[in-house]
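Have a look at the structure below before the remarks.
A, B and C label the chains in the order they appear, each numbered from 1.
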Amino acid sequence: MSYSAPHVRNAWYVASWEQDLEPATPFAITILGEPVVLYRSESGRLVALEDRCVHRLAPLSLGRCEGDRLRCMYHGLLFEPDGKVAEIPGQDLVPAKARVKSYPVTEKHSWIWVWMGDPERADEALIPPAIGFDDPDYILGRGQLDYEACAELIHDNLCDFSHLSYVHANSFGATEDWARTRPRVTPLERGVRFERWVPSQGGLRSRKGVTVDAWSSYDYLVPGILLMRGASYPEGTAKKLGMGAPPDLEGAVGVTFTSQAVTAMTEKTARYFFSWGPHRDHGDEELRDTLMGVAAMAFAEDKTMIEAQQRVISATPEPRVMPTSADKGVTLYQRLVEKLAREEARKAEAA
Amino acid sequence: MSYSAPHVRNAWYVASWEQDLEPATPFAITILGEPVVLYRSESGRLVALEDRCVHRLAPLSLGRCEGDRLRCMYHGLLFEPDGKVAEIPGQDLVPAKARVKSYPVTEKHSWIWVWMGDPERADEALIPPAIGFDDPDYILGRGQLDYEACAELIHDNLCDFSHLSYVHANSFGATEDWARTRPRVTPLERGVRFERWVPSQGGLRSRKGVTVDAWSSYDYLVPGILLMRGASYPEGTAKKLGMGAPPDLEGAVGVTFTSQAVTAMTEKTARYFFSWGPHRDHGDEELRDTLMGVAAMAFAEDKTMIEAQQRVISATPEPRVMPTSADKGVTLYQRLVEKLAREEARKAEAA
Amino acid sequence: MSYSAPHVRNAWYVASWEQDLEPATPFAITILGEPVVLYRSESGRLVALEDRCVHRLAPLSLGRCEGDRLRCMYHGLLFEPDGKVAEIPGQDLVPAKARVKSYPVTEKHSWIWVWMGDPERADEALIPPAIGFDDPDYILGRGQLDYEACAELIHDNLCDFSHLSYVHANSFGATEDWARTRPRVTPLERGVRFERWVPSQGGLRSRKGVTVDAWSSYDYLVPGILLMRGASYPEGTAKKLGMGAPPDLEGAVGVTFTSQAVTAMTEKTARYFFSWGPHRDHGDEELRDTLMGVAAMAFAEDKTMIEAQQRVISATPEPRVMPTSADKGVTLYQRLVEKLAREEARKAEAA
């Protein structure tokens, strides 16, 4: 209700892995400062409600699923999937205004997505094309991390991979090339695209320890979804293509895909969901497990740095940043969010 | 000093079990935001002082009892039971204004009671008629819990037993009858009386597992004292009496008494004291221990719900409740507190 | 940046024991609310910088020493010892304004000292004459404690030894004489001097358990440095000297020295550094270890009292103290700090 950083409400936010939502078991998450309770009814219906009883504000996530409905387990008010109160025990009349907010919710690509904006505008076509466990081409692992830091600092991190050379020198074995060269950055309607060759890389992406040219291409999409395909090619490929994008995966010697989602919980907390794994033609469960081990180490490095950065910012009366040329993508994404947020505000005022 | 929820100061607050006050050992508790130190001198005198040295604000509860007096163990100022400084080591003259606040304090029904209001109005007749360990008729156990929640949420909880059906479905084995019927609610001068039959109950109140009609009657008294006698009668009794109050305990097959006290410590913390046990004619130490096991489980259920409710309220910019018909007693108690608080303010202004 | 209690900036603050600064390893400490990173380069150069990258405010203390320079390990900005940015990876031009604050820093008497004020005024002659491990005359032990309390409360504690009689009755075996008599208190240009005889003392200062006359003399100097020599003489010496200062150490039967430093970190945290030990002519490593055991106990007693005092003060809407005659030194020191702070403000305005 009081999430003050610029943000887009008319967007799908990742609330959970679908695997973590047990049937008929309420699940709580705060998104943009709003308490949300999710549940999947026994019949399989997915529901997302305001996690705050209209009566005395107890969390409905301590409640009990009853068919498609959810009962507050403090004084027994029963809620419909649309948020309306269906029953107040011992009271004949239920006031018409007795309801909590209901959120559009859906599952796709192994994630539960909640629409935090105007329900009228909820559009499943806006769900970013992540790759989930139902995709036959990729062998994925998954994880998540809770941050004691605002989502914006994680967006910044993911829109500037120059940090790989320093934060992830050990885990990813990233060389200084990641900091000394710049990706091609392209604005998208709902995000920013990053593409680059980093030639002559050893390290973990190459299974056999041979040196390869690494091609990476990712979109960073509102409200904080990173979708990246990394492909490695024989050394020399980048030069041969004049540093241009490879036309397809043919000739690639390694291909992986990672889907990542940053969900702003409160002003200073966020949840980070991620999957990663090799294309089936370029790896197996063993490589997947190796990659997940690397990811665990690397994402802990990010968390250490970003939470420390947050503590410094929080302790600084008037924090000011000094962008560098590596910040082009960061700035594009921030401006896009501000623009979309302004448009939402305008539409809301007009309505 | 800055307890902002409406509250009655001219009332006796439970500060401790008398059993927990060791002789000549200072004991600290914050009540209504004010730090209070209690001690029982070696001669048996009970003293309650402001727990904050007049010199440099060290807590006197880290001090040393010397006869009836208490010495601050930072720089040695010695305090009389009335709060006056008796001695400043190394200084001949003690300023007349050198004193801390002294509170009327007494012990009764196994509790230490502190009067938080105008000492001139302290009236022992206002101590609620709790039942303590000195009562020959009841076999009691006792306990206490610290809440990360404001006292008001606990008052609300105890003035609306419809929650028994949901919060305590397991522990007390309470059926939905508790939520689907309403007690008779009667305003008292310093509280609210709740009376009801809940017929045909099994569960824990009936020792032998037979079904009984449960009669309960309790007063909820400022500043947060619950005194309840529960009695069970052969099934059919309630109907035979036209749902009217039983004239006496004759014919009862089970009788228990519970005394409970909610002490507001700070804006968001409270201490909850309770005893419970059977009437000597209707139980023994074994039943007392069974009841205390049930209470431990049930009161932990309340604490889980109420602390979660507090967290939601604290995170909600403008929290608003929607009362139901079960809230009649809650509302009566809240209005009584507001009325008494207003009267106090008027009297204080007039004086 | 927002340390609001009156304080002197043009002073040397103890940031660390020199023994705790590993070569080429950044070390973080907050002083007066400002994050500071210290490092000693491999060539031995000592550097103190603002611990906050000019780019995105990551702490430089998570960085990497490279020769005399420090690299931010988030996006690789490289800093000179004077705070200027030497390099932004992948960017040709480094803006002239790209710099962090650099602090005068030096090491002396086993401490690392940081000058928090105007660098132009940094004057090593203002470093208080503590006794470090390089002093051949004393056999020292050392320790440090982090306080959840403001530095001012520790200054107050150290400027009034009347607390020894109560806080340290056990550890130091201090009698009530410490509270019932007053030291001679003399204002100094940058502090306050305390001198006194406490005759006929047993306790720990006297190695052999005999009764002695204890002479102690200490200076308490801005920004919170206590330097004390304690000497014990045969009983009767104090009287023979008419309670005047002993002319020298001749005839002393025990001599120790303690250096202590209170560094204000944030509004409510402080770090306390201390060393203590006997003069070589009056003790050995065994006595040093005994003294350090006593100090560990005594300084834990202070910490318990002062942190409790801080909690009371923090919970009191308008805290007011009532000074006693024991507070003469406390008041002198407080007024000196206020005077020096005012002078600094005046000079800063004039400039």
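Descriptive notes on the structure:
Just so it is clear, contacts are C-beta pairs under 8 Å (C-beta built on N, C-alpha and C of every residue); 3 or more make two chains touch, one makes a residue touch a chain.
Composition by chain, UniProt nomenclature: A, B, C = Aromatic ring-hydroxylating dioxygenase subunit alpha.
Everything numeric in this text was worked out from a predicted model, so none of it was measured.
When the CA atoms of subunit A are superposed on those of subunit C, the rotation angle is 120 degrees to the nearest 5. Interface note: subunit B and subunit C, two copies of one sequence, contact each other through mostly non-matching residue numbers (shared numbers fall below half of all numbers used).
Inter-chain spacing, taken between the CA centroids of subunit B and subunit C, is 48 Å. Touching of two or more other chains is recorded for no residue of subunit C. Those residues of subunit B whose C-beta lies close enough to touch subunit A in the complex are 156, 160, 162-163, 165-167, 176, 179-182, 304-305, 308-309, 311-313, 315-317, 319, 321-326. Touching subunit C in their complex are the following residues of subunit B: 1-2, 30, 33, 35, 51-52, 54-59, 62, 64, 71-77, 88-91, 95, 97-98, 266.
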